[in-house]
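The same chain A turns up in both complexes below, where it pairs with chain B and then with chain C.
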Partner chain A sequence: MRKNFWLLMIALLTAIVLAACSGGDDGSGNAEEEDNGDDGSQITAWAWDPNFNIAALNLAKEHYDNENFEMEIIENAQDDIVQRLNTGLSSGTMKGMPNIVLIEDQRAQSFLQSYPDAFYAIGDYFNPEDFADYKLAPTSFDGEQYGLPFDTGVTGFFYRTDYLEEAGYTHDDLVNITWSEYVEIAKDVKEQTGQAMLSLDPNDLGILRVMMQTTGTWYTSEDGTIQLEGNEPLQMALENYKELMENDLVKLSSDWSQYLAAFNSGDVASVPAGNWIGPSVEAEESQAGLWRVAPTPRLDMEGAANASNQGGSSFYVLNIDGKEAAAEFLGETFGSNVEFYQDLVQEVGAIGTFKPASEGDAYQFENEFFNGQQVVYDFSQWMEEIPQVDYGMNTYGIEDILSAEIQQYLDGKSLEDVLSDAQTQAENQFK
Partner chain B sequence: MKKLINIIQTNNLFIKIFLVMVVSIIAVSLLITYSSIRMSSNLFMDTFSITNSKIMNQITERFNTFSDSIVSASLEVDTNGTMKQLLQEEHKTNIEKSIYYYHMNDEMERIYAEVDPNDANMIVMSKNNEIFNMNYIKWPVDGEKLANHEMIRRMEESSNDIVYQFEESEVTNGVPMIIASKALKLQSDFIYGYLFFSLTEKDLKKFYESYTSAGNNVLLLTPNGKIISSNQEELVGGNSSELLSYAQSFEDEELEYRNVDVFGQNYILLSEYLPSLDIYLVNLINREIVADNVIDTSEIVFISIGIVILAVLATFLILRKMTVSISKLVHQISDMARYQFNKPLKETGGYETRKIAKAFNYMLNEMQDYVQILLNTQEKQRKAELDALQHQINPHFIYNTLASIKFMIRQEKKEIASDTIDSFISLIQNSLSNVEETITVEQELENLKNYVQINQARYGDRIKVNYLISPDCLPLYLPKLVLQPFIENAFFHAFTKKKAGFIQILIAQKDNYLICEIIDNGDGLAPDQLDDKTIKTKEKRQLFSGIGVKNVHERIQLLYGKDYGVKIDSEPLKGTKVMVKLPVYE
Partner chain C sequence: MSQANSHYTKQQSTFVQRFKKNYIGWLFIILSVLGIGLFYFYPMVQAFLLSLQSGMGSNLEYVGLDNYIRLFNDPTFITALTNTILYLLIQVPVMIVLALIFSVLLNDPTLKFRGFFRTAIFLPAVTSLVAYAVIFKYLFGSDGLVNEFLLNFNLISEPLNWLTDPFLAKITIIIAITWRWTGYNMIFYLSALQNVDKSMYEAARIDGASPVQQFFFITIPLLKPIILFTSIVSTIGTLQLFDEVMNITSGGPGNATMTISMYIYNLSFEYTPDFGYAATVSYVILILVVILSFIQFKLGGDRE
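Up next, the complex of A and B:
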């Protein structure tokens, strides 16, 4: 009896202690399982602009019917994204990398060519032919489609109707002109109104790239050879640039705020830039009805188109767990959903490069600020004509060299010397 | 209710011990729980504040590195000839401007690389309000606004120093940031430009944010008491002079840490003044939250509760087992009297109770033995006493009787004297010589008749005595001198008022008893003289033998047991009836 009692007590104690211990184990076990579950379905995406590309991703998430799909969108500055991708991919560990990342088109090749295995080819999840042709070269590599084109950087020639009318030009006079004609018009505007034609930041050679792409050429050829010396479109662009400068047709800006202030305060007659400048132009409401958009001037060359590109980015899927889910999400939304693109234009103001979208209602919107012009539709039409260019790996590097040389060119150095010097420096640096 | 009280009473011992045990178990575990939580949280807070003061040093180091980089960058700008020249020259044409902008940018970018790792922005503004902005996103400032801001005036006034200030106004588009500014001056005090470094509060936070956690907060405080940065966003922009005074006094007192009450809560405060930025770096640790995160109070509490429950359960079971057997024992012992101390205790229950019961039973047996011995001794003694009394014939009786006989002889009542002497001889013979305790009724009757004859001879025959004896009783035995005291009593006391009467002696068998009755028709007795078993008399009288009415009953009971004895009924003026109940002995 007595012995039994103590045995019972010991058994009771052991049972309680065991129960407490095993209880703890259960708890931690569950937590681990949950973590694993999250890894499977949780997709992360990196983008940089909460009002633009992050808003677009959020909109896409709303349009995507998949209950199991969860996506976390992380905002990072664009430079940070570039830096972190470079660090992450070059170290070879994909830890901490996102599933989806937005990369600017002109940088894309440097990633695709440097780390071809890090990205997941997503050509099977959508039809690349549905997208503007010019987008395909920067987003593909070695015959595989890696990027899903997002926004277009299709350029337009925004101009002040009042100033140009005063100088004696109508809309028709400005459609499908060449850059030489643009310079001539600028001279007339300066003469008649005293206003500069455009605003430029000497540290940003975007305008040269816009000019160059109308002919389908770039600083580098498709096989990556640097072609500055003897690059006829580049020469022509530089000549136009210098002529604008020499005749004081430009209002120079030292930073972005001055650049914006130049057209918002009415100091310049036009803004030849990517369509994304539109909202900044519209920001000055007192100028409503005074603006219109004409096609981008082309370089005076055979085969040049009155359409060009400045900026624009595409989505890429990294070759890590969850890539299928990520690619499927992109394919179902950005890759094929016409309705989504209508909302994208209306709610975010982003013009995609998905060609079927331009037939939708939202694209027909007549913008009162631009005198009732169907601006979005026009852009989407011009977009399809943008000559295709392979941006290569070193666009920004070459531009650093070139901008130093350009100052000497403005200072009187001959164009041939400028280009051949730049060519030598670039070859030394990137070979 | 009564039942409850009864239960409480029977379980009194258990309840008392159990309550004491429960209270002490709970008290002990409470105290241990409390003190272990307190000790561990104190220990934790000590180590925590040591770690935190090291962290403070690291943060300070980061701030110093930052301000060093700003100082060295501003020095470079100050001494940069190209920029000095470009900013002073006039640039009229587009080409001149383009070259100016380009080179400014080029030079600045080189210098900016030093500041950039801290996410700071660098801006140079020329006299013409041209802005050279190295990171537009960090501070999209407009030249006009900046030129008209009071910052410029302050900068101009403060000569060579770098001026730090916190701005959250229109000039920063409402984004809170720290701006370090410096006027670029020639030796002649001519100002040719302005240099700004900005660091948004968000980026400033990165300096210390990784060291913070729930309850472990960092704040940056200006000497005006304004909170310019904190990981607790709701505090940013607020003023706390209270906190400032704590921070300032902390600096003076050189404490390791101190306890303060701010924002309505109790915190541990560590503070460090950063002279390069002219701000106070304050670390507020919410003791409760931080300790709670590390010390799992609920686990300790649960463990103690578990131990308490187990201990109470164990105590309950063990105590119950012990006290129930003790209670049973007590119950049995208290019932002892009812069973004449004859029933031994049951030896059950725990070791202790069994031992107690055993000892008790042993003691009981011993006691019974002793009592038996004692009783036997007493009985023997009593018998001896009675024997002795029985054999004593009062010398006065002998003397008086002999004196009476002498008178009879003198009066020449020879016949009576001879009878009396016969009776006297036979009476003395029977009383003294017959050592047997019991005699036959016949013999007793003989004695009685002799005694009566002597008395009648002495005092006359006004008291008549009748004998009604059932013949079958004659051979039966009865104790010697059982009836004599009652007759004596009747002779000497029943007829003091009435001078004559009679005494009847009846002896018969009834229901297996030998019943002897002595009935007189004398004065009777008052109730206060009567005791049912005996007659109370005051005077000390001379009796025939040592045995009086008093000890007859006692004697009978001693001889035969409780069923037998004397019973007396009396009514004043009517008479007395004494009934002696005896067993039938042949």
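Up next, the complex of A and C:
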């Protein structure tokens, strides 16, 4: 009994000491961040992905010659950035907020409209017309340019040359096709090689957005009206989606690593996705020379382009001390420096949306992995054709409603009912 | 005492007198009352006020009870609510029964390596929620260990989509939480069993009661208060279920595993933030906890 009592006391003491230690850490961490936010001479930037966005920021810092300029780049997961911005900005104090922050394009409007005074308009620090058109709608609000467009999410149809050849297709057969042709090709591939055509996560409807954007349509219209019912491109996209799912042409994945594993292990014949998937495709060195990239399939409609977008983000400046310095830095590097963009492509592998950059040498690079294709150049050409859409405020909210309805669609509910039910639900939800 | 009695006609001074006598006690109480008031009740009132507002981000305005009306027309909320209640109805009873069985088995004094088994079953309760959820996600992945196992034993012919099928995804979540919390509840029962007088079992044995009868007529009635306590705690825990769902299925496929807590998170951080409506949804959890605890007290607490 006595021994147990002492053991208990020791356990309690340890718990208290541990709790005190972790508490202390939190405290000092916060204090540090507050200093950064308050101090005008030093700029803080938040971004995610050390190999991509953070690397790009570091590179920009090297290209910026201003001795008085000091910038601390803090890496946070994207979800954390979204959370911290939301909690920080809604509390009304700008303490601890960064000067520069990276925000995904599809989320940008919800920030710009939710916190109208929190962001600083930076349209005067660069020429927005130098950037791909489709990037401007999501990054501006109320006639002012708030975001500096960064990477493009221009999509491509990455495919395995060996599987497609076995199924009887050459590169020319895959250029400028429609999604229904894609589905037919998928059936042939399945029949001839036994492989699935692509991998999809049923939680992520990104592929529908890619299909829809080839026609310049979205879940919402430009004035923000929800348009699910009677949205012809969305209907076509869903029909293709169901066709793919029902014919067992899809290898289902439940998270990102499974999605990557699907093509790295050679289980799927193609990856229709944003260009940023390129480095992950290349990561499997044993497949060098087996991949190529064709333009994104389009929906079978008048005016549809063989180009679309998935993801992509832009830099924003918060309306706090140091905003001018931060905006100047962005304007001088990401906003106008052609040479910087060449290094960005070569060293980081990031394709920007700055149009003058595509004439530089680095963009002509012939990528061995993709059979000597000038992949970067191709992407930058497709980028200029991406139909512009206004992502609006509620993309993710609507998508959650839609994804529940899609489950029922796959179970046999009619497409009209699915879309009209989703429409009613979304209208109730986002008045 | 005698002093207090002589002044009992003047209530006011009695109070002052008592206060003077016990002021140190009051001091201690006031500290914690202030603390609880500041850190519990003040935020609760604020959250209630917030639940009467709506709008994007910081542009909130009072909308009266609109948010509460919106709840009834919100299919995602209704899905989240039904999912949560389903978890509750299936998972809590299964877990409580399992925990009871384990605790009685491990209370057997003739059992060898009792300490080892107790530790092994309790161990899941000390693992981090996120860590174990991620591991479950891999175990139940389409080419995960569980599928490999079932395939190799020829129990299934092709891999089951544990995480991407709406029904199986719910099962996966229930298996995960049961694994995580059974040991935790078992410890409560084990410690309660230590207080059960051994002579009762002895007497029962002499009267010819079988072990099963002993379990139902001695163990269960004596553990009743603890069973009540654990079922209330588990109910509250299940209503707040978040980590597992967030990490294993992130609410999918198509909201099939969405819980109320996860919906609150989505409303605040995933969609265009509407903190007012999110606060309304969180008040629903509060109301549910109050109602369910009340029912459980009524059903189980007849002795008090």
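We take it that the second predicted complex is superposed on the first by the 393 of 431 C-alpha atoms of A that agree within 3 Å, B and C clash if a C-alpha of one lies under 4 Å from a C-alpha of the other, contacts with A are read in each partner's own complex, and residues count from 1 in each chain.
As a convention for this text, a residue touches a chain if its C-beta (ideal position, glycine included) is under 8 Å from a C-beta of that chain, and two chains touch if they have at least 3 such contacts.
Owing to the predicted nature of the structure, the values given are computational and were not obtained by experimental measurement.
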Query raised in the report: First (chain B), second (chain C), both or neither: which does A:S110 touch?
Result: second
Query raised in the report: Counting only touches as set out at the top, which of chain B and chain C does A:G92 meet: first, second, both, neither?
Result: second
Requested in this report: Report for A:E366: first if it touches chain B alone, second if chain C alone, otherwise both or neither.
Outcome: neither
Report task. For A:A404, select first, second, both or neither according to whether it touches chain B, chain C, the two together, or no partner. Result -> both
Query raised in the report: When the two structures are overlaid on chain A, which partner does A:D255 contact: first (chain B), second (chain C), both, or neither?
Result: both
Report task. Check the residue A:A77 against both partner chains and state whether it touches chain B (first), chain C (second), both, or neither. Result -> first
Query raised in the report: Looking at the overlay, does A:N203 come into contact with chain B only (first), chain C only (second), both, or neither?
Result: both
Requested in this report: Using the touch definition from the top, say if A:M245 reaches chain B (first), chain C (second), both or neither.
Outcome: first
Query raised in the report: Where on chain A do the contacts from chain B and from chain C line up?
Result: 201-203, 252, 254-255, 258, 403-404, 407
Query raised in the report: Which of the residues in chain B end up touching chain A in this complex?
Result: 93-95, 97-99, 101-106, 130-133, 136-137, 140-143, 306, 310, 314, 317, 321, 350
Query raised in the report: Across the complex, what residues on chain A touch chain B?
Result: 2, 5, 9, 12-13, 16, 20, 77, 201-203, 244-250, 252, 254-258, 261, 403-404, 407, 410-411
Report summary line: The chain C residues in contact with chain A across the complex are 56-59, 70, 73-76, 79, 137, 141-143, 161, 163-164, 166, 249-256, 266, 268-273, 275
Query raised in the report: Residues of chain A touching chain C in their complex?
Result: 79, 82-83, 86, 89-90, 92, 110-111, 113-116, 201-203, 252-255, 258, 393-394, 396-397, 400-401, 403-407, 425, 428-429
